[in-house]
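Next come two complexes, and both contain chain A; in the first it sits with chain B, in the second with chain C.
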Partner chain A sequence: MTPSARSTSYWIVHYGLLAFYVAFALFPLYWLLKVSVTPNDLLYSEGIRLWPSRSSLAHYTFVLAHSDFPLFFKNSVIVSGSTAVVVTLISALSGYAMSRFNFGGKMWLVGLMLVTQMFPLVMLVAPIFKLFAPLGLTNSLTGLVVVYTAFNVPFATFLMQSFFDGIPKDLEEAAMIDGASRFRAFRQIVLPLTLPGIAATLGFVFTAAWSELLFALMLVSKADASTFPVGLLSFVSKFSVDFGQMMAAGVLALIPACLFFLLIQRYLVQGLTAGAVKG
Partner chain B sequence: MSTMPLHEEAAPRQRAGLRNLTLRLEPYLYIAPSVVLIATVMLVPLIIGLSYAFRDMQLINPFSGGFIGLEHFRTLWTDAAFWLSMKNTLVWTFASVALQFAFGLVLALLLNNSFPGRGIVQALVFLPWAVPTFLSGLNWAWLFNPVVGPLPHWMAALGILPAPENILSDPSVAIWGPIVANVWWGIPFFAITLLAALQSIPQDIYEAASIDGAGPWRRFTDITLPFLAPTIAIAVLLRTVWIANFADLIIVMTNGGPADQTQIVSSYIFTQAFRRLDFGYASAVAMVLLILLLAYSFVIILLRQSLLRR
Partner chain C sequence: MASIEVQGVSKSYGTMPVLHNVDLSIQDGEFVVLVGPSGCGKSTLLRMVAGLEGITSGAIRIGGRVVNELAPKDRDIAMVFQSYALYPHMTVRDNMSYSLRLRRTPSERMAQVVSAAASKLGLETFLGRKPRTLSGGQRQRVAMGRSIVRQPKAFLFDEPLSNLDARLREQMRAEIKKLHRDLGTTSIYVTHDQVEAMTLADRIVAMNEGIVQQVGTPLDLYERPTNLFVASFIGSPAINILDGILRYDGEHRLITLKSGEQIPTASHVQGHDGQAVKVGFRPEDVQISHQAEGGFMGHVELVEPMGLGTIVHIGTTHYALKAFVLERVDRIVGTSIPYRLPASKLHIFDAKTGHRLPE
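On to the complex of A and B.
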């Protein structure tokens, strides 16, 4: 299978197919960007042109200055950021336990975590609403953080476990012979070595929380606690004609997701094998 | 493991016993936060939700909440919208998984060669995976909209559509809108998983096969596919469950319409709970979905064991 053994016609097909894939992957995002910079007066007359004859950032300035999107953006950053930090802390502990200890009930824990990845989460929409309403956790960012944290802990635990498995046990055992407690060895020796894995977990969880829609729709009905997906969707159903502004908001929602994608891209394979059920 | 003097006897034994206990409890302290959180936010609501299936639970009606036995399931049996959503779930899941897998496999095979520019190509084709699902749905809904999207015009020009209309509002083909969005978004998952498996196939096997005169197609069917088979099986099976549950794209793009023609079971559950606020009926439908998925997983496990025994 050496490249030189292949004929020119093979490479033509190879690059042709790849060009098709790249075009298919990028075209929708390109169109999002294109409409977001098209002035309203050209939107319909130049509907299917690949680039408008005149472009403007007016939709962006409108969205940033005169709409609730900066608030939605802030809410989403708070929710996704807090979720990512809490999940990473909790799953570092449980992932470490899964990697280093043999304890009674370990198989049950693995089974429990696998089951939570398989069953339809949409089942929980109604009961969680019913449980959260009297606790004041509906219409609250805290409520969303609690839900997202629980949903992401199993996957993050498997992910952290796979990172801990890659670190030799001798390191902390040496520290424990020198008199350190296991928890101290974990904090001071193992965790610093796992920093790239921690960054990957933060990225995965942030991206998942940033995209979550159904529970945010159900649990939040007020604009001041809306996350970006909910805000964008209510905007779409209310002002369904202002495509330029909606797509400008869409491009803004894409930015943090793409940043975190760059952060975790190196760990994609490991992450997907750890939690193959997760999107 | 640490410093324990050997010459002391009676009192330290007690201390050692205590330390043994802490050592044995230690792993449980590490997993406690995760277990508590999963139990309270996932297991307890799951059990409560299952009980709703037998109760009259309507959020807007404060007098509801009484047990009504199997009433919801009787309604379900004659609910045409539910049976339609079952049929749509099959179409949605099968078409999405099959297309994602086929495109993902070809992409993984293409990326498994070394060629100039591979790194950048790989980052670009995997990018859709990073796009939040609600945005993928909206983005494709806009592309299918003849007012701002090019797709209806292109399809009309190619003769696929008689006129540049929105396929999302045509009941007979609307389900293909969310399927296309799902395929676009999900190809990277299969490509990444299969690429990892491809890269673990030892290269000398291919060389030996070439020397023995095996052509490219022979090498693909006799080496690549058997090596990939376990990964393919696991990825397809898990992905099937995941996609059958995946309602976001449908909620965003069509909300189940027109005339419930794109409603799948999980989006039907969400619609019942979110729009009609009928938590009881939503939970009854959810229970049916859960039982079907359990049955599916059970069949898969049996199949796997009978294959392993062979």
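On to the complex of A and C.
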């Protein structure tokens, strides 16, 4: 049956289900936005209304002008951005090696990398703190980048490996016969075709680092090296939670992630290898 | 252009041997086809010449120089892959000029060479397009164009026509042959298609299970196959093979089939009386006769008209065989049919070793 031949009721159900899923997934985000523009005096009196009777940007102004949030924000951008770039560089190389070469101990390496993904990270907080303290890596953005890189490289390597596996070996062999070294073939032929994979890895690692709380909280105690998830906690005080400001900060924190995905989405949806080999 | 020498080359993956002591000498300008069933090691041998696979033992020389340790890029050869392996993110022009750019060819010269190759292959109008917008045949041409722009020492073809449909394959086969006639570059061509092998080759190398079975001109292999493998691999429709016993009858040699029927053979076959043999004869050598005298009788099992001729499947109580005749055959399935087996066209092999009996 061709799509156009399906009945109207099929399409109603089809889009109905999709709409339900999208609404379900996006509702918390909507609520975040709604609370962020609700003035404090209406927050509890109009708690379950879909949109407050009066909205204001006061929370945003406060967060931007009178809190440490811009600093947290900058720290997060630095940490997540560096982590994403470093992890993608390493995993592009290691993923290529995993995909193309057979070497002694490869099975062990894969096994060890899987092991790192198997147990809860909270177990590692204490040993890592003990290791980092004498090295001066606590209370530093570099320390966070190191930790995030270490934890993201295994998964990113598997991710990149699967993208390289999808690129026919013939292409780089053809390039090597054409006169390229293996590294040049990797750079000029394989890498451009892996852009969707690189974009996916960048995006995955960036968001993972962007929203990481545990290590950011444990390894950093000073405000000037805090990232924004830790910063969000500062809206929770001993006696109250400032929901409005917290939500405003939350909405602002979504912006870089959204921008980032907007930038890379072109590559995420692109099937560049079409036509490379007989298809 | 250059000659290619393969000397005592073996290859194994771990403990698994895939090529056994291959010797092969390819003259400058020769077109050699490696043919065999899949897994026989022909592609591996080609990839070893290209430098894409390591050599376990032995030596490969291109133009007199040992290339065992030389990277593919330094061997100055070109290769056409079964998958075409076109760079999908580059235009046809960039695909064809990539090797020239790597060699820092001046851009004027590059444009000249690429357009010459494109016009030779009828690709002028596609130069600005990406490979994914081309048909299978056009992609195949681009892959060839990419090889010829550089004037390499040798062309290597790895089953280049396997992904094309039958009509296009026939057409490209002729183009490859013409191209080789024009350029005269030493070529090694791998295929499992014996028709391609027969039509293209100056010499065929028949391989099976990592061992070279026979090297010779297409007609050598067809008319004097050195063993059962070559006899049954080359030729379509395939050769008939029957079990028999070699008998001496004074000066004459006879082969007694299981059915008790006796086939006279050329008298100079060297074997001993009572030796178990396999006797092979090509379907076109089976003569369908109109009278029963002096021949054998069977019944028609199947008639396959091919246009060019007809394949008649003949059954007897003990064996089945195929005959190929040029004329139309309108015999009814199940009716009896007399036929003859000409003594001079028999291929006789030792039943145990599969080797051809000396004559």
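Annotations for the structure displayed:
The rule is simple: the second predicted complex is superposed on the first by the 225 of 279 C-alpha atoms of A that agree within 3 Å, B and C clash if a C-alpha of one lies under 4 Å from a C-alpha of the other, contacts with A are read in each partner's own complex, and residues count from 1 in each chain.
Just so we're on the same page, contacts are C-beta pairs under 8 Å (C-beta built on N, C-alpha and C of every residue); 3 or more make two chains touch, one makes a residue touch a chain.
As the structure is a prediction and not an experimental result, all values here were calculated from the model.
Using the contact criterion defined above for the overlaid structures, shared-chain residue A:Glu173 touches chain B and also reaches chain C. In the superposed pair of complexes, A:Val35 makes contact with chain B only, with no contact to chain C. Contacts of A:Pro192 after superposition: chain C is touched, whereas chain B is not reached. In the superposition on chain A, A:Leu71 makes contact with neither chain B nor chain C. Here chain B and chain C are compared by how many residues of chain A each touches, and B touches more. With both structures placed on the common chain, the touch criterion links A:Ala58 to neither chain B nor chain C.
Once the two complexes are overlaid on the shared chain, A:Val85 sits clear of chain B and of chain C alike.
Look at A:Thr207: by the touch rule set out above, it reaches chain B but stays clear of chain C. Within chain A, the residues touched by chain B in the first complex and by chain C in the second are 173, 176-177, 179, 272-273, 276-279. Chain contact summary for the complex, chain A toward chain C: residues 168, 170-171, 173-181, 184, 189, 192-193, 272-279. Within the complex formed with chain A, the chain C residues making contact are 50-52, 71-73, 75, 77-79, 81-89, 98-99, 102-103, 130-134, 136, 139, 146, 150, 163. Per the touch definition, chain B reaches chain A in the complex via residues 1-3, 24, 26-28, 30-31, 33-35, 37-38, 40-42, 44-46, 48-49, 52, 57, 59, 103, 106-107, 110, 113-115, 121, 123-136, 138-140, 142-143, 147-150, 153-154, 184, 186-187, 189, 192-193, 195-196, 203, 206-207, 219, 234-235, 238-239, 241-242, 245-248, 251-252, 266, 269-270, 273-274, 279, 282-283, 286-287, 289-290, 293, 297. Residue ranges on chain A touching chain B, taken from their complex, read 1, 3, 11, 14-15, 17-18, 21-22, 24-26, 28-29, 31-32, 35, 43-44, 47-48, 90-91, 93-94, 96-98, 101, 103, 109, 112-113, 116, 118-131, 146-147, 149-151, 153-154, 157, 173, 176-177, 179, 182, 207, 210-211, 213-214, 217-218, 229, 232-233, 236, 243, 246-247, 250, 253-254, 257-258, 260-261, 265, 268-269, 272-273, 276-279.
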